[in-house]
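One structure, pasted below without further comment.
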Amino acid sequence: MSEPSLAIRKFSDLANPTRFLALVATVWPWLAGLTLCLFAVGLYLSFTTVGDYQQGETVRIMYVHVPAAWLSMMCYTVMALSALGTLVWRHPLADVSAKAAAPIGACFTLVALITGSLWGKPMWGTWWVWDARLTSVFVLFLMYLGLIALNRAMDEPTRAAKVSAVLILVGFVNIPIIKFSVEWWNTLHQPASVIRMDGPTISGEFLRPLLVMAVAFTLLFFTLHILAMRNEILRRRIAVLRRHAARSAGGAA
Amino acid sequence: MIALLARDLKLSVRAGGGALIGVLFFMTVVAVIPFGVGPDLNLLSRIGPAILWIGALLASLLGLDRLFQAEREDGSLDLLLMQETPLVLTVFVKCVAHWVATGLPLVIASPLLGLFMNMDEVAIGATTLTLLAGTPAITFIGAAGAAIAVALPRGGLLVSILVLPLAIPVLIFGVSAVYAAIQDPAPFLPPFLILIAINLFFAVLGPVAAAAALRLSSD
Amino acid sequence: MRLVAEGLSAKRGEDLIFQDISFEIPRGEALVVKGPNGSGKSTLLRVLAGLLPAETGTAKLVAAAQPVERLGEACHYLGHRNAMKRELTVDENLVFWKAFFGDFSGGAGISVDEAVESVGLRGIVHLPFGYLSAGQQRRMAMAKLLVAWRPVWILDEPTAALDASAEAMFAGLVTTHLARGGIAIAATHQPLGLEGVRELRMTGFAGVGEAVW
C-alpha cells in the first residue's frame, strides 16, 4: 500500500513496458545478427576441429549439448531473478520475463536431453542411462513443464505470475538439494562415471568452439527471451483493448 | 493453535474425511505390484522397501489438494488469513494435523505391507523408521504445492505434478537409508540423518512458501 | 477509536473497480455501503479486511485499544460463505472459532451458549452444521461474530437469505455492538433497520486500470 521509494520509481520508469518495447525494437536485430554470426563461427569451428581419438566424430554433439545444458540452468536462474522482481518489487515486466522464459528454458532443456541421449547411444550403447547429470536435467525439465502447466491453468495473468513466482523460488531453492541427492543416488547404484566433463580433461582444442557456441547459445536465449517478452506484452495490451471494447459496448461506466 | 489442530483432526475422521482413503490407496498400490512383477518372493523382498516408499509417496500426495481448497470453499480461509497469528504458523499446524491424519496411518500400515512383500525384520523396521522421518517432509513441501494450486478448479492433479519433482530427494534418501540398513557395507546413519535434515528444511520452506502463495492468491 | 480510509482504489484483474474512496467512521457508528450489483461493494470490504491489496490508499484504525499492524486483525468478516464446517457440530464450529480468534483487547466475547441464544437458535448446537437450513446456517455464522470481540465488523450482504424477523434480530446485534463502542461496515441492498447510519454510495466500474501496458 505504501508509495514506492524514489529509486524504485526511477527503475520502474526505466523499465516501463512502452520504453521496453522501444528498446527491444532497436536492440533485437543487432542481437539476432550477432547471434547468427557467432553461430556461423561456432559451427565452423565445431566441424573443423579434429575429432577425439576415443569418441570419434560424435564428440561434436558436445558443442550443442553442453551449451544447451548450461542454458537450461541459466534460464531457470533468470526466472528466479524475475520471480524476485515480481514478489519484492511487484514489477509487471518481471511477470512477463518469468512467463516468457519458461517455454524457452523447457526447449533448451529438451535439446540438452535429446543431444545427451544421441551422444549416449554410441558412447554407452543405449539411448538412456540414469546418469546423475542426465537425471537432474530430466527433473529440471519436469519442473519447467509443471511451471508452464501452472501458468496455463490460471486465467488471470497477474495472479498467475505471483503464484508461479513462489513456485519458481521454491524450485530454485530445491535444485541444489535435488542435484545433490541425485548424485548421491547415482554413486550408490553406478559408481563408475562414464564421462567427465569438468575442466582439466578438456583440451584447448575442444574448448575454443565450445566457448564460442556457449556465447552464441546465450545470445540466442536473450534474443528469444526479449522477443517472447515483447509478444507477451502485446498480448496483454490486446487483452486490455478487448476489455475496453467490451465495457464501452455495454454503455456502462 | 491447539484448537485448529483438534478441528482438523476431527474433520479428517468425520464423514468425507480423507484419513483412511490414503491408507487404502497405499495398500492397493502395494497389493497390485506382485501382479505386475510376478510372485517371486526373492524379487519382492528385494524391491519391497522401494515399493513401500513409492506407494507411501503417492498416497501422501493423494489428499493434499484438499488441504486449503476445503477451507477456501467454505470461506474459512479468509478468516484464517485475517488473524494476528502468523499465517506461517497456521499453515504449519494444518500440515501437522494433515500428517497425523494421513501420513501416520501410512507409517503404521507399512510393517503389515512389509510382510506381504516378504521383507525381513530389519528391512521392515528400517522402512517404518524412514517413513516416519520422511513422510512429514512430503506433507510440508506438498503444502506449498497445495497452496499454489488452491484457486484452480482441477488443482488435484497439478499439485502432484508440481510436488513430485521436489519430493525426489526425500525418496532417494529414504530408500537408500533402508538399503543401507539391510546391506552391510553402507552405513545407515548418513542417509537417515540427511533425510531428517531435509525434513527440517522442508518444515520451514513449505509453510513459508505456502503462506506466501495463499496471501498472493486470495481473491 | 476511528476507522479512517483514505484514497482507496482497487483492481480485480485488470479492471479498476473503484477509485479514490475515503471515509471515516468514529466508534459507535455504522457505515452502510450501497450500490448496484458489481459496483465494487464486496471488493471494498475485502480490501478493508486485508484480503485484497489496495491499489492505492490506506485504511487504518486510529487510537485503537491495541496497536494494529493490519486492519484485518481488528475485524470480523462475514462474507457470502459462512466459514463453518458442515461435518462438525455447531458447537464444535463455534468453540473452534472462539479459541482461534481470541479476543481483541478492549472487549470480551460472550460464551458459545449465550451467542447461540442471541441469534435465537438454542437447542440445536449438537447438530452437524450441514443439517441446518440456509437461514439457520446464516444465523450461526452471525453467532460467530459474538464469541470473540473484534471492534470492527465487516459485513457483506449479511441478511441475504434471511426473513424479516431474522433481519430484525440482526439489526439488534449490530446495535448492541455499536453500543459497546464498536464499528460496523455493511454492504447491502436491503435496509438494515439501523438508526442514523452513514451511507457510502458506490457508483461502479471506474475504468480499465491505468494500463501499465
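In this document, chain identifiers A, B and C correspond to the written order of the chains, with residue numbering beginning at 1 in each.
Methods note: a contact is a pair of C-beta atoms (placed from the backbone, for glycine too) under 8 Å apart; a residue touches a chain by one contact, two chains touch by 3 or more.
Computed from a predicted model, the values in this text were never measured in an experiment.
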| item | value |
| --- | --- |
| Closest chain to the centre of mass proxy, which here is the mean CA position | B |
| A-B or B-C - the one linked by more C-beta pairs in contact | A-B |
| Maximum centroid distance from subunit A, chain identifier (CA atoms) | C |
| Inter-chain centre distance, subunit A versus subunit C - centres from mean C-alpha coordinates, in Å | 46 |
| Distance from the mean Cα position of subunit C to that of subunit B, given in whole angstrom | 37 |
| Interchain centroid distance [CA atoms averaged], subunit A/subunit B, Å | 31 |
| Sites on subunit A at which at least two other chains make contact | 159 |
| Set of subunit C residues in contact with two or more other chains | none |
| Subunit B residues counted as touching two or more neighbouring chains | 219 |
| Parts of subunit A lying in touch with subunit C, wherever the complex brings them together | 1, 16-17, 92, 156, 158-159, 233, 236-237, 239-240, 243-244, 247, 252-253 |
| Of subunit C, residues touching subunit A in the complex | 13-15, 53-54, 56-58, 204-205, 207-208, 211-213 |
| In the complex, subunit C residues that touch subunit B | 12, 49-52, 70, 72-73, 75, 77, 79-88, 92, 95-97, 99-102 |
| Touching residues on subunit A, where the partner in the complex is subunit B | 87, 139, 142-143, 145-146, 149-150, 153-154, 159, 162-163, 166-167, 169-171, 173-174, 177-178, 180-182, 184-185, 188 |
| Residues of subunit B defined as touching subunit A within the complex | 141, 144-145, 148-149, 151-152, 154, 158, 161-162, 164-166, 168-169, 172-173, 176, 179, 186, 191, 194, 198, 201, 205, 209, 212-213, 216-217, 219 |
